[in-house]
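Submitted below is the structure of interest, expressed as structure tokens.
Each chain gets a letter, A, B and C, in the order it is written, and its residues are counted from 1.
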Amino acid sequence: MPTFVQILDFIGTFAFAISGIRLASAKRFDWFGAYVVGLVTAIGGGTIRDILLGVTPGWMTNPIYMICTALALLWVILFGKYIIRLNNTFFIFDTIGLALFTVVGVGKSLSLGYPYWVAILMGCMTGAAGGVIRDVLINEIPLIFRKEIYAMACVIGGVFFWFTHLLGMDMVLVQLISGASVFLIRVFAVKYHICLPQLKGEEEDEHTKQ
Amino acid sequence: MPTFVQILDFIGTFAFAISGIRLASAKRFDWFGAYVVGLVTAIGGGTIRDILLGVTPGWMTNPIYMICTALALLWVILFGKYIIRLNNTFFIFDTIGLALFTVVGVGKSLSLGYPYWVAILMGCMTGAAGGVIRDVLINEIPLIFRKEIYAMACVIGGVFFWFTHLLGMDMVLVQLISGASVFLIRVFAVKYHICLPQLKGEEEDEHTKQ
Amino acid sequence: MPTFVQILDFIGTFAFAISGIRLASAKRFDWFGAYVVGLVTAIGGGTIRDILLGVTPGWMTNPIYMICTALALLWVILFGKYIIRLNNTFFIFDTIGLALFTVVGVGKSLSLGYPYWVAILMGCMTGAAGGVIRDVLINEIPLIFRKEIYAMACVIGGVFFWFTHLLGMDMVLVQLISGASVFLIRVFAVKYHICLPQLKGEEEDEHTKQ
């Protein structure tokens, strides 16, 4: 029997893979390309985290992530045109994934003995880096660098993890509060179009461009 | 005296480096840039594999790959205009490289104790990931995501490795069958223009783009 | 009290982060995106080096690099329009960073027991790879592949490290000569517009593009 966290993990992986496969399909990738982009979106963040932490990436010990991405690809092939109607559903799933990946990333880093500021960074990376690699592979500027509160929700969720943990709360409660804060901040930011300020562009000269 | 496998490895590295250097030259890179792109094309796949497997990348223990890339650069500088006439030769060399890198990748992963599904993925990555990094560096959408059977040949070669190994065949025979299947599938696919189906593009909205 | 090397390290990190943040601002990134690009420019090269060498990246054990990037972001937000006037100053800082990162990279690789040709490569990577990742993230062809002597200065500085070390010089002197050579070659190359030759472009056909 899968646990509640495993079900959330599956939902998050599926939603992240769908987001990668949909963008790949907009670029007319073939099935293989779409699968790779979906897989990278789903596991990319966790893989970079695990390489930095010096442990074997989770997806190399459990085929569930590759199977889950294959199901996501099958879903898009079969029901592609119906997915647009489900946009709000996928937004919710995607945000569940973001929240869960953040909590998992923070928790794993702490359990390996890293300090809090590393753990918060790793939580943010687990949630957001997959999407950055996805955008690099489809040759676009990473969306999260220009739009919406996304990775910032992970950072704030990581800080909530830290504070509630410092207060001596039970670990289940810590994870719940941290994950819920990521989820709510993202939903709230999208609903009310809250963004970070942009930097003002400037003309570049050649010397400092290096 | 180099062994037969070492000669094939040299030919494959040379062909992969040539492919990177030629694409770099089409983008007007300087010699340094062309060398880096050639090197990354040749060793990129094996490097990602070795980092994921937690071992030191092979090219850090043997300068042959860097020397081989330097020879490839020298070749393009001296004989650039004659290379186009040799396209079919390079296609054969490139495919030999693909086949060999796949077999090496599967074998190395298995010898480190990883299960078959990881080994097949690693074989595919060894053969195809260098070309993906190359395309990212020259700011193009990775070609293997949109055209031809390329990485799929590696996957099928990996599956052949698995089956023939399960059947208890001698390891030399296993590697030969696996490598030959990669080679033949790729040659066959290019000759008869066999492609994977494309995903149908769809309009993207902003929320799910994350 | 910070040592002299720590002060140089801080200056180099700050200058590299500024270069990333300025390019991000030219692409209208938000504060978060600019911070990430600045951080990656500053620590990207050292991170790849440490992953390849199999050690924990330096910035995961000391928050100074993240703080330094935050200060660089604050600087650009507050004084953005004055930075252009300081271009020559930043060019000098950036080149100090390049020289220092190269020396650190070569020294760290040697102290871990790697041979000289690996150490020189790692020195070059420490100095130049951060800028390559930066350019990939802002979706541009990496500048160092097409313009100016940049990474080549690192390579030559690494060779100077090797020769002076072979001659039995004191390590402080070895590092000083190596770093000064990187600095002077870069300044000299920019002042006199010295470039590496470009490869002549050629038309590509589809088969070898793989």
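Methods note: a contact is a pair of C-beta atoms (placed from the backbone, for glycine too) under 8 Å apart; a residue touches a chain by one contact, two chains touch by 3 or more.
On a predicted model such as this, the values are computed, not experimentally measured, just so you know.
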- Trace the shortest chain of touching neighbours from chain A to chain C and give its length in steps. 1
- Query: chain A-chain B contact: same residues or different, taking over half shared as same?
  - Reply: different
- Message: Rounded to a multiple of 5, how large is the rotation, in degrees, that superposes the C-alpha trace of chain B on chain C?
- Response: 120
- Measure off the straight-line distance from the CA centroid of chain A to the CA centroid of chain B, and report it in whole Å. 29
- Item | Numbers and ranges of chain C residues touching at least 2 other chains | 51, 136, 139, 144, 147
- Interfacial residue positions of chain B with respect to chain C in the complex: 18-19, 21-34, 36-37, 47, 51, 56-57, 60, 63, 66, 76-77, 80-81, 83-84, 87-88, 90-91, 94, 131, 136-139, 143-144, 147-148, 150, 190
- Query: Of all residues in chain C, which touch chain B in the complex?
  - Reply: 51-52, 54, 114, 117-118, 121, 132, 136, 139-142, 144-147, 151-152, 195-210
